[in-house]
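We call the chains A, B, C and D, going by the order they appear; numbering starts again at 1 in every chain.
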Amino acid sequence: MPAMTPEELHRFQAEHFPQAAHLDLRIEHLDDTTIRVRLPTKEQHLRPGGTISGPTLVWLADLSFYLLIMGRLGPVAAAVTTNLNINFMRKPEPGDLLGEGRLLKLGKTLAVGDFTIWSEGLKDPVAPATVTYAIPPAR
Amino acid sequence: MPAMTPEELHRFQAEHFPQAAHLDLRIEHLDDTTIRVRLPTKEQHLRPGGTISGPTLVWLADLSFYLLIMGRLGPVAAAVTTNLNINFMRKPEPGDLLGEGRLLKLGKTLAVGDFTIWSEGLKDPVAPATVTYAIPPAR
Amino acid sequence: MPAMTPEELHRFQAEHFPQAAHLDLRIEHLDDTTIRVRLPTKEQHLRPGGTISGPTLVWLADLSFYLLIMGRLGPVAAAVTTNLNINFMRKPEPGDLLGEGRLLKLGKTLAVGDFTIWSEGLKDPVAPATVTYAIPPAR
Amino acid sequence: MPAMTPEELHRFQAEHFPQAAHLDLRIEHLDDTTIRVRLPTKEQHLRPGGTISGPTLVWLADLSFYLLIMGRLGPVAAAVTTNLNINFMRKPEPGDLLGEGRLLKLGKTLAVGDFTIWSEGLKDPVAPATVTYAIPPAR
């Protein structure tokens, strides 16, 4: 059972990441090893051509995977990203982005997972990412 | 000789990336295969703990490498990022970020380069990244 | 329907990769977008500690994804790897390695997919990889 | 000053990696944060078309960076690769491969560096890689 509920994670995010408060990331599912999120997209994420910017996709993968780890370990964990690898495969459509993350390894010092982003309603993924977080020893 | 000057690239960025207009990225050097940029950091890039967010570092690497390719090929090139890999090695200090990019390959369909980010005044890099851009065939 | 059967791909591999003939990679499943392979491990893949070497895991991911693309496009495709990213998460056990690959994008010039490696009989994966291949224009 | 000399590292490699004994990797330079190596290439590394296989390039990057860490920390360090990202940019020419590695971070639990491979005599690199090693806590 996760250490934090989606509601607690939403509050934690609002409190600790006020800069991202205008981005309405919603956790739709959370368990010990997976997370599913939804991001309604807004004007400020868009690049020329009406598409969603690469850094917004990176932000989505990074934050969602962070919330998955927090949900598992609780709010004491000050995990920090150490590696992120992302392939941008298709232009995302304007509209909601959906993302699914899986925790593939939760070791003493490293957490590794993948995170895949879709445009809602389309079958082929927009961007798969792999993320590594360092878990501080004092927990 | 680059196809565009730093001033032309600054104007291009302001016109085509109005969402990033509040981020005052400055090109300090540009030639055919290298770019050096400076990013004065502001409140909205900061994460808990006063550090600069990972997605801001990604944005910096991605945009700077894009400007390097544009500088080389001219404004017609609609290059798109296909892969980005970044290692977050140290907490960036509040203050200016400096970045240096190198174009390692400019092929017919792919451009590959690396981009390294420093906190001004510190010797050890904050984050090295590798970026791949797809170059559209019609140019 | 794939353009080549597993048997044709085994013959193709034996003919074009004679250096790897001693590695008895077997395709257990193949369709248009997925491949599953088995690699019986032998002495020469082992590192100190009796584990399977990282480069052998890379070789497995790279070759299997190549066979998946060949199976889809037929033997004319001279695809070449352009990017490979792999996380080594657990020490593989001596014994058979299993691998599953998925083709996430097959574009005009790039194919992108992921490939995950397990030790037979264990639930948690050993190493997930992401691979990009360039597809030559003349096909 | 490195904890081990190139000669000690060559002996260490021969003893602990007997499977690679036929690969005559030579350390040409070593200091606390950089390594330069040479790999005379032989028939068994070659792929169709007379080029050097991707996994051989990966092996070269991975082992060389391992030797750099060992040279720095001494033979007690049982460092293991956790992430490797490589871009294959050009077909390597048959002939010697040269490689240069830099240690970008040596933390308590992670070492991060880059490693670039060239074909001897050619200016443009063949493959840049980024490597992360986990350093066991007990050292």
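The criterion applied here is as follows: a residue touches a chain if its C-beta (ideal position, glycine included) is under 8 Å from a C-beta of that chain, and two chains touch if they have at least 3 such contacts.
Not measured: the values here are computed from a predicted model.
Enquirer: Could you see whether A-C or B-C has the larger number of C-beta contact pairs?
Expert: A-C
Enquirer: Name the chain whose C-alpha centroid is farthest from the C-alpha centroid of chain B.
Expert: Result for the farthest chain: C.
Enquirer: Using only Cα atoms, superpose chain C on chain D and state the rotation angle in degrees, rounded to the nearest 5.
Expert: To map chain C onto chain D, rotate by about 180 degrees.
Enquirer: Taking each chain's centre as the mean of its CA atoms, how far is chain C from chain D in angstrom?
Expert: Each chain reduced to its C-alpha mean, chain C and chain D end up 23 Å apart.
Enquirer: Find the geometric centre of each of chain A and chain C from their Cα atoms only, then give the gap between the two centres in Å, rounded to an integer.
Expert: The answer is 28 Å.
Enquirer: CA centre of chain B versus CA centre of chain C: separation in Å?
Expert: About 34 Å separates the centre of chain B from that of chain C.
Enquirer: Tell me, which residues of chain C touch at least two other chains?
Expert: 82-83, 85, 87, 89, 132, in rising order.
Enquirer: Where on chain C does chain B make contact in their complex?
Expert: Going through chain C, the ones touching chain B are 82-83, 85, 109-110, 132, 134, 137.
Enquirer: Which bits of chain C are touching chain A when the two form their complex?
Expert: 85, 87, 89-90, 104-105, 107, 112, 114, 124-125, 128, 130, 132
Enquirer: Given the complex with chain B, which residues does chain A contribute to the contact?
Expert: 16-17, 19, 43-48, 53-56, 58-59, 62, 80-89, 91
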